[in-house]
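Below you'll find the structures, each written out as structure tokens.
Each of the next two complexes has chain A plus one more chain, namely chain B in the first and chain C in the second.
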Partner chain A sequence: MTIFTFALKRIFKDKTNLIFLTMFPVAAIFLPEPDDWPLLPYGYHYFGVLILFVGIRLTGILVEDRQKGVVKRLAAAPVTHFQYLWQNLLAFAVILTAQCMFMIAGGVIYGHELYESWLLLMLFIVFSFTAIAISLAWNSLYRNKETSFLVFMCVIIIMAMLGGIMMPIEMLPDILEQIAVIFPTYWLAEGLDWIVMGEDIADFLLINGVLLLYTLLFLIIGSIRRID
Partner chain B sequence: MRESFVTIWRFMNILFLLSLWTIQSESIISFLLIVSLAILVCLRWRFHLPAWTVLIDIVICALFIPVWSASVFGFALPLFESITRGNYAYILPIVILIPIGEMYSVLLFWFLFQAGFVGVLVRQWKKQRDLYISEADLERHSRHELENMKNELLKANRQTAQLAELSERNRIARDLHDHVGHDLTGASLAMDTFEHLEGKDAENMIQEIKLRIARSAARLRDTVHDMTPVARMDADVLEHIADEFQHTATNFQKSGDMSQVPAHYWSLLEPCLKEALTNVARHSDATNVEIQLDVTATIIRLSVQDNGMNASGLNEGTGLRNLKLRARAVGGSLSVDAASGHLVVCVLPLGKEEENR
Partner chain C sequence: MKELYTMRFTALRLMRAWIVLLILFGVPLVLVTIFSIILGDVEEAGTMLRDEINVMMVLAFQLFGGSVVMNYINDDFFTKRRYRIQLLPLNTSVYGFTIMLVGTLYSIILGAILASYTALLWDVDWGNIAWSIFIIALMATLSSIVCLIFTFSVKKFNIAERLSEVYGIGAILLAGLIFPMPDHAVINWVNDYLNPITLSYDAIDAYRNTNLGDAWMNAGLLGGLIVITFITMLLIGRRRMP
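Coming up: the complex of A and B.
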């Protein structure tokens, strides 16, 4: 588990990461509750976007490794690419899970109406996995950490807009509404709606299932071993 | 190259299903079909999956047929996979399952047909590529063996030369020891005895010593004579040929350092001179032949000039043509001129060839 502990240390060494991981969630907890839309407090509704940002920040260290030639040296070390990958991903997942727990616990203590807080936590954790997988796949396309991060920021905005996080999905044209389904953010928004109004648990499981399928899909794409 | 085309084709199929799903405004659940098929496509892109995984595609498509009848379009993927891999057995369940969808459209038929056709193309493509690769491997292998053989022959050649040298050295040592050595030692001992003798014995002894020394001198000469090679070498060969030529008078002249000339050049210069002299004997009315051999730092030039007047028979025979080819092979040239008597000039490069090696 050397790589795992080292990944954790590296992430906390970066001051920007600390801001992303602590200040933003704290600020999100204290955001007010809206009048009609979204149904959850603003901070919780937009938390998915924050998860995506944190995901790309964290997986950025994999691109950095490639940039600095660490991957090349690892190829010569008695460490398999699989070990390197899963220990890093585990570190990211642990951090994001902790952040989700912190967020939910903070909301409950502050006194927000979170309806099914345990299921909300579960949804956020599953979405965190998806976010890590997406950013992993995204990063595998780039050689440079900064470019990857900047372009992904635009992608996040598009995903949030079309996926129904920024604005209600019903506002979109019919065809876009249909296409929106391909964005993982759509399923997060659906899940958030379910938390407030949902009845059938099967729907919630379907939503999580789709998110997990997406995680698998992007993990397969992102786990490609690039030594360059 | 082939792999990337196949991957692109697979992803195009996923996009097709996605667009079909969008147009038909189907339920969310049928979207799961597309995601699952996309995961399988990604897996095939990243890893080499065994052939039986085609069944997973078929089962997934079959499961979604009750929910979304257009799921039968998804059969294009397992159909393509089974044909490219040559596992035609998997086509059977697909054919059986298609009627369940109750979607008998022309589009479906042609869509599945193109999937199968592309599959056949890819399969042929792969077969041909494998064939080329194995042929290239075979050729490389035989070339490697040939090279090895050549190296072994060269090595054997060197060893033989070394052995010959060693045995020659042994022969010299043996001859010196067995004959010359014994006689000289005997003569030396006889000299010692001679100092103590008088009269007729002394006379006999001195005769004995003389005999021994004369014999050992003769032996020594023989041994040394055996050491000098019987066959003539280098420029001597050419000189000898010129001397032996009876038909006209010859004048052989040479200049330069003959030791610089590589051994295989002599085997080219020798037939060159022979051919030129034979031509003089057969076709020319010349009375004198001037042969000049010059060796400089960069070239070797052999010129054979006669003073004949009959310049009619200038057409080259096979002999000269062959020599020309051989001269060209080592980077030199051979030219014939009949302006005043016959002139054959052979020029071979020197030094350059060594650099190339």
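Coming up: the complex of A and C.
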């Protein structure tokens, strides 16, 4: 588990990461509760966007490794690519899971009405896995960490807008509303709606299933080894 | 005037930076398009929501225009090309100003294109388009100066970049664009007299409603902010510039 420990150490060495991982969720917990839309407090609605940001920041160390030639050296070392990948991904997943737990616990202690808080936690954790997988696949397209981050930032904004996180999906014109289904953020927004209003547990499982399917798909795309 | 001659190359450098173009132009273009499609002709309390949100959006992206100037000043004067620039037979301070000028102009041009795009294609009411572009120019100038203050006042450029993001996102948050702000005296005061985005929006909105006094007052406040920050920038910058 050496790579796992080192991944954790590298992530926590970066001070900006610490801000992303601690201050932003704390601020999100204290955001007010809206009047009509969204149904959950603002912070819990925008938390999905934050997860995507954290995901791309954390997976940035993989691009850095390629940029600096670490991947080449690893290829010569007695470590398989599979080990390198899963230990890094495990580190990211552990951090994001901890953040989700912190977020939900914070909301419950602060006194927000979170309806099914356990299921909400589950939804956020599943979405975190999706976020990690997307950013892994995204990063495999780039050789430069900064470029990858900046362009993904634009993609996140557009995904959040069209996916129904920043505004109600019903407001979009019909065509965009249909296209929105392909965004993982759409499924997160659906999940959040289910938490507040849902009855049939099968719907919730379907939403999580779709997110996990996305995770698998992007993991496959992202895990192809590129030595360049 | 060798310094003026360098402006051509700064402009060329800017045109080739496709990521800057994507963030400062591509994203707002997509966003205003989506907003225009979604909002259509929805009206709230007598004003068209489409007019309000599109104007706000174009103005909000002006807050980040300063990052261009900041990056070039850092590359040329503090990191990569520092010693080469110092060796050149030109006045480095004037060269710094030309970078600032070109970066600000670039930001203004992008803002003007966005404003014209929304006005022509989506029929957004900007009031007087020339006045709006003047306000956009004021915002771009202010943003460049504020970003330069950050660059000069901290040692690590990373921190300056983060501060500029805090400035931009902070102004957007305070203006209540993401979620409504509580009705608090301090927040209202900041929005009335300091927050560039609310000042410039009010200036454009007042002109649209033919309330020229208010329009000039808000523009004047923006101008005042520019003067104050410019003097601060000169004072701090003199210590750091090579």
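FYI, the second predicted complex is superposed on the first by the 228 of 228 C-alpha atoms of A that agree within 3 Å, B and C clash if a C-alpha of one lies under 4 Å from a C-alpha of the other, contacts with A are read in each partner's own complex, and residues count from 1 in each chain.
What we mean here is this: a residue touches a chain if its C-beta (ideal position, glycine included) is under 8 Å from a C-beta of that chain, and two chains touch if they have at least 3 such contacts.
All values derive from a computational prediction rather than experimental measurement.
Per the definitions stated earlier, placing chain B and chain C onto a shared chain A by superposition produces no clash, and the two fit side by side. Chain A has more of its residues touched by C than by the other of chain B and chain C. When the two complexes are overlaid on their common chain A, residue A:Q178 makes contact with chain B while staying clear of chain C.
By the touch criterion stated above, A:G69 is placed in contact with neither chain B nor chain C. Legend: residue contacts after superposition of the two complexes on their common chain; A:I224 is shown touching chain B, with no touch to chain C. With both structures placed on the common chain, the touch criterion links A:L206 to chain B but leaves chain C unconnected. Within the superposed three-chain model, A:Y214 lies in touch with chain B and out of touch with chain C [touch as defined at top]. The gap separating chain B from chain C at its narrowest, counted between C-alpha atoms of the superposed chains, is 19 angstrom. Across the interface of their complex, chain B is touched by residues 175, 178-179, 181-182, 206, 209-210, 213-214, 216-217, 220-221, 223-224 of chain A.
By the touch rule above, chain A contacts chain C in their complex via residues 16, 31-32, 34, 42, 46, 147, 150-151, 153-154, 157-158, 161-162, 167, 171-173, 176.
Considering their complex, residues 18, 22, 25, 28-29, 31-32, 35-36, 38-39, 42-43, 45-46 of chain B touch chain A. Looking at the complex, you find that chain C touches chain A at residues 19, 22-23, 26-27, 30-31, 34, 37-38, 158, 162, 178-180, 182.
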